[in-house]
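For clarity, chains are labelled A, B, C and D in written order, and residue numbers in each chain start from 1.
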Amino acid sequence: MSRSAPPLHAERMTFFSDAAAAIALTLLVLPLVELVPEAVEKHESPHEVITGNLVPFGSFALSFFVIWRIWTVHHRLFDRVDSIDTRIVRINSLWLLCVVVLPFPAEMVGAYGDDRLVISLYIGVLFVSSLTLTALALALRRINPAESAPDRTVLEQLIGNAVALALAFLLTLVVPGAGYWPLLLLLADGRILTLLRRRGVLAS
Amino acid sequence: MSRSAPPLHAERMTFFSDAAAAIALTLLVLPLVELVPEAVEKHESPHEVITGNLVPFGSFALSFFVIWRIWTVHHRLFDRVDSIDTRIVRINSLWLLCVVVLPFPAEMVGAYGDDRLVISLYIGVLFVSSLTLTALALALRRINPAESAPDRTVLEQLIGNAVALALAFLLTLVVPGAGYWPLLLLLADGRILTLLRRRGVLAS
Amino acid sequence: MSRSAPPLHAERMTFFSDAAAAIALTLLVLPLVELVPEAVEKHESPHEVITGNLVPFGSFALSFFVIWRIWTVHHRLFDRVDSIDTRIVRINSLWLLCVVVLPFPAEMVGAYGDDRLVISLYIGVLFVSSLTLTALALALRRINPAESAPDRTVLEQLIGNAVALALAFLLTLVVPGAGYWPLLLLLADGRILTLLRRRGVLAS
Amino acid sequence: MSRSAPPLHAERMTFFSDAAAAIALTLLVLPLVELVPEAVEKHESPHEVITGNLVPFGSFALSFFVIWRIWTVHHRLFDRVDSIDTRIVRINSLWLLCVVVLPFPAEMVGAYGDDRLVISLYIGVLFVSSLTLTALALALRRINPAESAPDRTVLEQLIGNAVALALAFLLTLVVPGAGYWPLLLLLADGRILTLLRRRGVLAS
């Protein structure tokens, strides 16, 4: 008797993932909201609330961008997928763990700024999420027909992401005081791909 | 080789947006819930909890109305849409940012009342959300056939919204002590449209 | 030119309503979670955390039951519905407001127990939600064909609900110390319907 | 006249359940987030935040795994189901109650570690959720045709779960200091099934 479970519909898992990511995204505002009663207690003006909290605001913007970006890739990955299996549900749970835990390193960023341990924790979570997305892409291509599996463009986007995160990590280690700016490399993953193609690392 | 990504299904992005908006809406009650243990510590009666916190209650009602309204327009915008592209996902992320960040200016409103900086921050976020909705409408009309793109009525509703917000902003600057009442103009965007039509700004 | 908006798909609005209700339901546990660090500060044993907080636990159970019940009726109401219009979106926003605000009276219940103002606030919110559900049923029957509109059974369930809440409200006013027990009448709405039928108030 | 309600579509109930489970999962990070400002007040280094809070981190990981696991079974249970009835909505509400309340015993775990009352509370909630899932499977098989009802594999997985939880409970009582490790038996439910089959408890 075969022990393999029958394939599952993708819809509910993507739905569950969407809901978790949407909540993680929305919870990011809570530390900003909590600044307000603290400021009132200290008799600060509205102007001081904003100018005195640039680090939390930056941390909010960074994490908003990061979670949104991770979700976008997940979105594209499953866009045409109908069937998943237990293995994919398991890999997806690691992705979910990264998304759900992210508000913790984000709060560390808001509190400790550019401490090196904090930065590596933050980028580490992003890197693991990037690896799980790549693993998801490969697993999806194994069980789905070519027309509904994630295509080459998506796989390449994932490679661009992983390379951008690896570069960001390296820059953080090499350039003291680089802080979180290296993460903006995520915006440049398209250009990184072009570069990899030119160098012949990826077939064009 | 064309670098353009294939179109995506609209469903998951609207879903993600819905979840984020629903959470932002539901989180609005948390500041009200937190009033209760504070009141118990100060030995206030239930009656005093309600009469002594009219500003937070008003702020809750205002933001509930505002987020619901923004979501309603988004709902109508995507109602018949099947396909989106990367550009639309990006514009939508700005809309999401407005929705997700809104509890912060809402908390500022509850804490500082009708301070001018606070009001302009609040209406500013609303205005940006209104602009992103208009940009979404235009981008959707570019890639979808006429029967599934947002129709003229929706576009006009968006213009009505933007004009209402611009008027609200002006009133707030011109009339000291106007507070948040100008936002009620959002209720009158239908009438604003009729006016614009009569003046010939929009073809009737 | 007709000013009436075209009909909308019901799916996204029910979805948005589901998400908001699910969040309101899930947030109910937060006051219980907050009991734990307070108990640790007071060096209470795990046993004392549970025996010393029966009112918050009861308030949690009550509100869980109430939100679940309101959602269940909403679920049945829209189960076969495909089309909605702007009027229904508006009535639904009142229902949403009741669901979203409910954690506030729930917290009041946990803090002030059976104070009469608190009870009437709580049952008042429930009664408004019950009225909005009835209004939704009537509006849905107006624009949908018989086979997809909410049927008689659902309408009768709503009447049973409204009557149960009215009875609960009366009992609370008449019997001092009745507390929240009258709300258990919601469990008996089936029997109330049978009674109304026997008395000829509803055709059987 | 038959009093039985017509069948309902499964989709919205599974959706509602997904949203609640996703929120419960995402809220688990809040106690970790709250560690950060406390650590800042005590002038702790980022390193100390992590090494000094192993119990909360372990509690987070445990509860993440547990909620994800409960949701996975629910997912498989309803994967091919189209119709549900009122009875199933009611049993599902008990499952929801377990999911929604879980952050409370999880917080107790984080605060009191391996106190025996806390462990039995935690495993008790899990056991009830396991029983409700089994009840759901049986009720679904009663009203759905064989091809859309949960199949034998799913039922057996549920039995494996329930047995694993019962064993975990026993181990906790018998082995003092066993703590939460017995819950790892949930990972072994596949092997437990094989064992039950070999012993002839389940037909192979």
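Rule of thumb we're sticking to: a residue touches a chain if its C-beta (ideal position, glycine included) is under 8 Å from a C-beta of that chain, and two chains touch if they have at least 3 such contacts.
Quick caveat: nothing in here was measured; it's all calculated off a predicted structure.
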- Shared interface numbering between chain B and chain A [over half = same, under half = different]: different
- Task: Name the chain whose C-alpha centroid is most distant from the C-alpha centroid of chain C.
- Result: A
- Task: Could you give the separation in Å between the centres of chain A and chain C, each centre being the mean of its C-alpha atoms?
- Result: 37
- Between chain A and chain D, what is the gap in Å from one C-alpha centre to the other? 26
- Note on the structure: So chain B residues touching two or more other chains come to 15, 19, 23, 27
- Message: Touching residues of chain A toward chain D in the complex: what are they?
- Response: 1, 5-6, 8-9, 12-13, 15-16, 19-20, 23-24, 27, 31, 89, 93, 96-97, 100-101, 103-104, 107-108, 110-112, 115, 117-118, 121
- Parts of chain B lying in touch with chain C, wherever the complex brings them together: 14-15, 18-19, 21-23, 25-30, 32-33, 36-37, 39-40, 46-47, 49-50, 60, 64, 68, 71-72, 75-76, 78-80, 151, 153, 190, 204
